[in-house]
Each structure stands twice: as C-alpha cells, then as structure tokens.
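You will see two complexes here that share chain A, one where it goes with chain B and one where it goes with chain C.
What follows is the complex of A and B.
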C-alpha cells in the first residue's frame, strides 16, 4: 500500500448534522486523527431568556427534529422541578408512552435508513430498496407506526404540542389506546423480521473493543429499564448521582489538542446512548428484548461501540413490549379527564433529565417568581459522545491502517454513525478546529 | 426530457423538515421515482453540483453560509424554502432580540471570541436570495410539501392559504382557546396546517408566519375582550415572528 494516507471527509453523510473526519498518516504511522464539528451554532440557551415557563418546551423542541419529544420532555420536567408544578400519575404514564414512540421512531430511522446501508454495502436506503425490498418495506411500516403513535399522543409527529407544564392538553381516547395497543401487538412480527435481516449481515459489524465508561439513567424504585425517571449511573462507579448535580458528571472542558469542548467523568471520555443504557440496566429489559440481545450475543459489559446499533434494536423490542403492558395498566385504572394546573409556586432553578434515543440529556433553567426564564443550560448526548468518538478513532485507526485508505474511511464513518449522532443538537456546546 | 434533478440542503436548523420528507414513508419511494434526488446529505451518500430544483432548509446565520446559499441559487432553476427557519427565520430569529456578542458570551463563556463561533444576525432564505416557493411551518406539513413539489414539477404555482388559522379552526368546530385563557395566535397566522395545534388544545404559536394582511385591529379587539394585555401577545408573537411585521402597539 502507499505510504501516505490523507482522509478528509467533509460533512459525513447519513447523520443528523454536520461532522468532519480527518486522518493523516505516513509510513504506517498516524500523524493526526480528528473528529470535527462545523455545524452552525444556534444559541438556544441565550434565546430562551425572558420567555414564559409555558413557552420553553415550544422553543427548545426545535433544537432537534429527530428527538424533539425528548427535548420537550426534559425541558418540561426541568420547568416543573424549578417551579414546584406537579404532574398526575396518569399524565406521567402517557408522557412515557409519548417518549417511547420517539425511541421507536428514532431507532428505526437509524437502524433502517442510516446504518443499514453500511451493513449491505450500498450508499443509501434508495439502492437498498432495490436490493432488499421486503426488508425496507418492513422498516417503513415500523417507522410509520412510530410516527402515527407520536401523532396520536404528542399531537404532531415532530415538535409535540400536547405537552405542557403540569400535564398534557389532551390524551387519546380509550378506543384510540386500544387500537394503538393492537397495532403494537401486530408489529412484533415485523420486529422479528428486522432482527432476522440484521442478524444475516451482522458479520460486517467490526470487532473492536475499547474499555469505556458508560453513563445513563438508572431507576431503582421500582427497578425499571428507564428512559425517563431515575438518577445518573455509570459503569465505573456504584450508586447514582442526583439529576440536579449533572454538572459533576459532564465536567465540560476545553481540550488543548483540538480546543473542542468535551465531557469526561471517571476517565478521559465517556459514552452515552443505547449501549450505555444496556450496560447499566440490561437485567431489567423485557423478555423479548432479552431474547434479541441473546441472539446477537450482546452481553452486559460490551465495549464495542459498533454494537450500539444492535443495542438500539434490543431497545426497540423493549419499548414495544413495555408499551403494550403500560396501555393495559392505563385502561385498567380508567382514563380520567384531567385539568392542568400549572401556576408557578415559587422562583427557582432546577434540572430535568431524560434519555434521548442517542443518550442521556440534561436541561437546566432558572425562573423568577412570575415564571420568566432567567438562564438556561443544556447538555446534549452527542456533545457527551464527541470525546469518546475521538478516543475510539485514536484506538481504532492504528489497528486498521494496513487495510488501506478506503477501508479506514469507511470504518470511521461507520463508527460515527453507530453513535447515531445528532450534531445540530450538540453544537451549542462545541468548538471546532479546522485543519 | 430526463427526470428533474432535485437537491436538498440544510443550514442552521433542527433538520425536522427533512425528517418530514422521510416521514412520507412509502410515498417517498414514488417521489424518488418521479425525480432524481442528486444530493441529500442526511439520507444519501451521493453529492452533486447541478440541479433543477434546490430545496433549502434552515436559516442563514453566518457570512460563509450566505456565500454557500448564493452559489446554490446560481446553479438552481427553482429554489424552494423549506420550513419556518427558511421561510421566516423561525425560532432562530429569537437571537436577533439580543446583542450578538452578549449571546455568544452567554453560551460559550470565555471562548466566545473564537473565530469559528462567529455568528451574524439570523436571516430567512429570502433575505439572501430570490425564493420561488415557500413550504411553511415548523415542521412542514408533509402533504403540503408533496402538493407543492407536484405543482412545481408541472410548472404550476402552488396555492398557499392567505387567510388565518382561525378559519380552519372554526371549520373543525374547535372551541376557541381564548375562552380557556390561552393566548392563541390563530387570528393573525397563515392557515394551511389544518389548525393542528388548537385542535390538540394547544395555542397557535405562529410557526407558519403571518397571514397576508393580518388583521391587527381584530387581534387587538380579541386581546381587549379577553382581558389580556398587548405585551403578552407580543411575547407569543416573538417565538416565530421576532422582529417581523406586523408590530403591535
């Protein structure tokens, strides 16, 4: 092979947002490996100041189109925590169902449309439709189900409108919940079909391990594979950290090597996302999800970042199975028409946290006693993963350098995609170095 | 004649409008059959330099993005602004209510002076280049999107409602949210969404921009009738309509 390698992937395709990959090597020696983010900053923390607590989620939902429900939920929880606004048990359960619809939507989008072309060695989902038509149609059906589920509970597929501090403006009828439940039961055969297809190409998932710290929510009481409640947990320590103390976890810092703002906790980087949730909470998965993990040989303690996509597939099984059960719970108790009471009880500052499909997300706001926003701080999963992507690059490139430029480029792009990055989200907290 | 070549570009935004195109589900395969999608970074690996229709998502917030947009305009026969960030500037325009240096310091602290964090006043696409058609909304309505694309492919001018959301809301028989103490922008915002938010019990916050000739006097009457003040209404109007007409007094 040639002695010099120069890779500069400008704006990696099939990811949300803009990211660059730079690799320089000569005579088998790596000189430079960098993961860069040139996305236009949008300044949400500055823009929400002065606005009413009722409008915060409407604004910050627009941080991300793919995880808009997640951002709205994190913001709404933070608003409620700060102002002492309470939420009923029923509204809490319906919100979790709303959140699950987005986990399904985002995971199916990532597995089926963004990652699958890598598994099949094609440039996009369009030629994939010709190559594996039935599989693509199955993925589209699941994606449609997830979106119609979001529509039903959130009022819109993207950027929810039923969510409001104190509860929800509207919940589905009993019949609508029953219909949704039936569709979820019916989709299990589609899920199994997707599992079979991914299994058939799982051999192309690179074998690469790097000891990594994994950070996610954990909920002990009742013990739940959580996306919504709980406290912050890590594979590097026992116990949990309260949500309001998230800054002691994220430790955002400026890195001398690249001047990018990164996160670290017990090591030089940590990872968040489906694999992090799996590594912290796998024993709490639903039976169907456990079965999927078993078929892929995915076990707690996995440190192969490429397996994040498989962990998402496992979670798809979990959210579907859990939602079927939760709808039973809601209907058994009987749906109640609830009036939302959401007057601020105090001035205050607090955080809200949920798991975005791509990892743990923190929102923090401060309000005066009229409920006007004074300050905001948002820490996004992809921002937390950037340092870990860089560390993976540094470990992976020397191992695969002999495979040649195209293979190195392809595997690094695949690695970035496996994190399912949401770069638009993360840029409020990032800085960039241009070569 | 070959198939029309379509390219989709994103600037500062959440990419939720592109997602609505993906959300066409099965229909997107038909659409892709009728045209050649020659560039779409979020979904395809391919990249191209010539196109008949350029679809622009996002606001323009940096000088280098203005140059990129002008280059796209020069190569495109038809240019479409996709979604609120592109058509009006959307929530990104909230930034324009503050001093830009102060905004940077608020988010980036001591690093705010670094050159790559440069930001300028947010502009809608139409403030930088000529726009041939707008797909309004945050996010866009996917059915409206396919209708507009079909019209453009047939050489027709798409019909976009000029009347306010209240018209569609009344047609759906919704109770008025002003009756429930909500400050709803339905009276002055462009319809075409099917009054989706008020139908879900959530006030219209103006994502489609103002209707043609919005009836400001009527809006002021509504404020007075429900005992609200102009300042509260202006605050709601600022979410998607910062520093845009109409202004209330």
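What follows is the complex of A and C.
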C-alpha cells in the first residue's frame, strides 16, 4: 500500500491536561513518531518558597484536582521528614485511609469515565450514558462513595483541609467510621458489576507487549501492597532505594519535544502507575484483588501498557477490602482524640513519597530553623511516564501502521489514556530567572 | 436528607479571579444558618464530582468564573439551554470537565435537578495569585445579592 500518513492529534481528549500525538509515515515507513507535552509550566516550586511549613500542603494540593490528597500527603511527609516531626500510629492509619479514598476516586474516574468510552467505542462518557446507562450509574455511585469518603476524612472531596504536619486536625467519630465501613462492604456488589462490564469488553484491549522497567514503592516490613510507606523498587534491580535518594532514580532531563522533564533509570525509559505497583507487589494484594486479576488473566510481569487500566481495577478491589479491615483495626484499638502541636525541631531538607493513583510521586523541601521554605522540588508520575509513552509509540506504530490512519490515531490515544496521565501536573518544565 | 438547593462554587483560588466562585460560597457558608434550604459547597476543580452534588436536589446554582465576552466583573445569569459550550478541550476529562456537558449528562441519567442556573462572572485577571482583582472584588455585594435572590425554587 503506497500512502502517506500524517497524524497530528492536538490535545488528546480525556487525559488531564494537554498532550499532542504526531505521526508521519509514507509508503509504510515511519518517519516521525512523537509524544509531545506543550503544557505551560506552573511554578508551584517557586510559589511555596518563603511560606511556612504549615502551609505547604495546602498550596501544593492545588497542583491537581484529581490527586490533591496525594500531593498533600507527599508534601506533609516531606515536611515532617525535614523538620523531625513525628506522627502517631493512629494518624498514620487514618491518613492511609484518606489516601485510599483518593485511589478509589481517581481509579473509578479513569476506568468509568475516561477509559470505558474506548472500550465501548464511543467518543466520551456522555454518549456512553445513553448506551450503557446502568453501568454509568454504577460508576457514578462508586465515584460518589469515594468522594464522600474523602469528604469524611480529608474534610473536603478535593484539596484536603484536615491534614497538618504532625497528624490530622480532626478525625471521624467511631460511628462515622462504622457507617463508612458498612458502605464499603455494600459497594462490593457495584465493584463486581464494574468488573463484569469491563470483562465483557476486555477483548478490545490491544495486545501489545514491550518490556520496560517498572518503578514503584515497596514496603517490606510489614510486607504490604503499599501506596504510602516503603522505599523505591524496580523490576530491573534487587533491593530498594531510600526515598531521599529519588533523584538517582528519576534522573530528570530536558527533552526538546516536551515542556515537561523526562526521566530514565536503568533503561532509556521506565513506567510508573498501577501496573508498575502490580508488577512489583502483586503477591501482596488482598484476596478480592487477586481474584479480579485472575479473571482478567493479569499476571506479575505483564508488559502490556494497555493493561494499566485493568491493574487499576484490581487495585480498586484492594483498597476497598483493605480499608474494611483497617477500620476494624482502628476501632478495636479505640479512637483517641489527639492534639497536634508540631513545631520544627531543626532546619532541614528531606523528601516525601507516596504513590499517586497514576504512579510514584516525589516531593522535596528545604526549610530554615523557623520552618520557612527555602526550596522545593517535585517530580510527578506523569513526568516519569513520558519517555515510556514515547518508547511505546516507537514500538507500536510500525506494528499497526497497516491498519490505517484512523486506527493508528485511536490506538495511540488509547495508549496515552491507559497511562491515566495528568499532564497539567508536570510542574517544573524549566528553571528560569527573571532579569 | 439533602437540602433541596445547592450552591456550587467552582474554581481555583490560586489563579486570581478564576477562584471567585469558591470565594463566594466560602463567604456564603459563614451565614449558612440563615438559609436552611441550601447547601453551599466549595466544588473546587472537581469536574465530574459536580454530578454527585446535583443528584437529589431541586435546584442547583453553579457560580463560576466565565469567559463570556463581557466587561470584567460582569455577572450574568443563564441556564444550560441558553448557552453552547465552545470549550476546545471538551472530551470530559476529569480535569477539563465541561460544566455544560456535565449538566447534559446528569439529564441523560435522570439525575439532574429540575432547575439549573449558572451565574458566570467575567474575570479581570486569571494568573497565579491568591487574591481577586479589584474589578471583581469591588462588586461583591452585587454578586451576593444575585446568588441570594436565587435561593428559592420556582
């Protein structure tokens, strides 16, 4: 077939922020394949300079309207690490529950509203509401549960207000925890319904394998499928890297085709996100999550990036089941009213790390002895995935070129969406000085 | 039991006038006791989460910064049927949620209040910053009057 192909998808829809797809090909030969990120930098790292350690998490939560709890938690952990502030066991557990609410919120949003239209072959969730109304209503119910769960623990659906260095300003009552636990038990029926719906259309998930490095947190003691504690792990090496050394993992560099920095570690690219967590920690999933993985045939070592959405579905089962158990643990010990009086014990510089729904997230801050922020550095998961998306493009396009322009464009859009990217969070494209 | 009316303030308070909706509902929430039929909700940049807040209500009032081609500071009342979205990124991402289409979706699912009202405020400055412009802040009493006038169901 002799033909020229020019694809320029300006601003992929249904991803967070802006990204462009460029493919030029002629006579069956690929001339150019690029994943471009033209999103403007947002300078959050400059914005926090001079602010008190008590205000950092509030400011950086605004980096994202989807994973605001995650950004707040990473920042709070970094502040505490830098200034020697301790957190009680109870506050730690409640924070993890807060974090789980956002995993559910974000994953359901991605699976139900952003990826499902691809599975059903419709352009967005609006026509999907007409085509599969009951399924959409189930997704909305789960999303609402996740939002109200965040409301309860974080004080607000997005942009948490209860989080503070040293703990939490308020925790739910015993009755509120019991009610939440009951709602989580009740939602299992809806979760199973979503699994059935996705299984019924799973045949449209492209079969594409490209071995790469998968990077995520790993927690060994106690061994946990972690989103919150632990060290940095990779499928390319044994052992772990301490959080404060994250720059030896991310190795950020500037790339001409993107305003966001790119990352690489043992290879020319690595992937983060649900599939990375699964590939590093799958044996630690809850029974329900393992069952979901089994039904989709998802196994540790999977190298199909399109399966990230399925890994998210697996994690949805995990966070719900684990939260039910954690609430039991909290209530058995008895809730204590704790007053937080955190003061800086020293000047310092340190990092905080958590798993955002879309992958591992690093925050680093330096403070003077009064707790005033001197500098900040944030490395977000989507930034870490950009190079990997580019490498996927380079491998996938030659395999599917014969399918024609529309199919190539659609599969590349699907591929980008499968990473659940949050491009607008790619915060620090350039370092500039104003003269 | 949900209150029949919800006032949703949308926006990002770190982007100047973009956060005017949030600032207005925060102000109103301080006097919420005077309005027992209404909830005042800081909806932030929650996008599709607006769906959950509208479900089960009789009336939703959405207060947001809006690019309408008016003079900065102007407040305009309109309903979903009186406007068409011209937002270029309208693929309904969680982040780039298009309010007009979210309302359309709520209607398609039978989860939309009978009455939906937008109160759009034309911004003067949308840029990083934690304060509102004088052109917007100076018209606060007018905005409050207009929102409070909506707190009845037709």
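One rule holds in what follows: the second predicted complex is superposed on the first by the 419 of 435 C-alpha atoms of A that agree within 3 Å, B and C clash if a C-alpha of one lies under 4 Å from a C-alpha of the other, contacts with A are read in each partner's own complex, and residues count from 1 in each chain.
Rule of thumb we're sticking to: contacts are C-beta pairs under 8 Å (C-beta built on N, C-alpha and C of every residue); 3 or more make two chains touch, one makes a residue touch a chain.
Given the structure is predicted, the values throughout are model-derived calculations rather than measurements.
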With the two complexes overlaid on their shared chain, look at chain A and say whether chain B and chain C clash or fit. clash
Using the superposition on chain A described above, determine whether A:140 touches chain B (first), chain C (second), both, or neither. both
In this superposition, the partner of chain A with more touched residues, chain B or chain C, is B
Looking at A:66 after the superposition, I want to know if it touches chain B, chain C, both of them or none. Which is it: first, second, both, neither? both
On the A-aligned overlay, A:156 touches which partner chain: chain B = first, chain C = second, or both, or neither? both
If we overlay the two complexes on their shared chain A, which of chain B and chain C does A:169 touch? Say first, second, both or neither. first
Quick check on the superposed pair: does A:47 touch chain B, chain C, both, or neither? Answer first, second, both or neither. both
With both complexes superposed on chain A, which partner does A:315 reach: first (chain B), second (chain C), both or neither? neither
Report for A:130: first if it touches chain B alone, second if chain C alone, otherwise both or neither. second
Touched partner set for A:55, first chain B, second chain C, both or neither: first
Taking the contacts chain A makes with chain B in one complex and with chain C in the other, which residues are shared? 11, 13-18, 42-43, 47, 59, 62, 64-66, 68, 109, 113-114, 123-126, 129, 137, 140, 143-144, 147, 156-159, 424
Once bound in the complex, which stretches of chain B touch chain A? 11-20, 22-23, 25-26, 29, 32, 37, 41-47, 58, 61-62, 65, 90-92, 94-95, 97-98, 102-104, 106-108, 111, 114, 116-117, 119, 138-139, 196-197, 199-202, 205, 235-236, 239
Of chain C, residues touching chain A in the complex: 12-14, 42-49, 51-52, 55, 88-96, 101, 104-105, 108-109, 111, 128
Residue set of chain A touching chain C in the complex reads 11-18, 42-43, 47, 59, 62, 64-66, 68, 106, 109-110, 113-114, 123-126, 129-130, 133, 136-137, 140, 143-144, 147-148, 156-159, 422, 424
So, in the complex, the side of chain A touching chain B is made of residues 11, 13-18, 38, 40-43, 45-52, 55, 58-59, 62-66, 68, 109, 113-114, 117, 123-126, 129, 137, 140, 143-144, 147, 155-159, 161-162, 164, 169-170, 254, 259, 261, 424, 428-429, 431-434
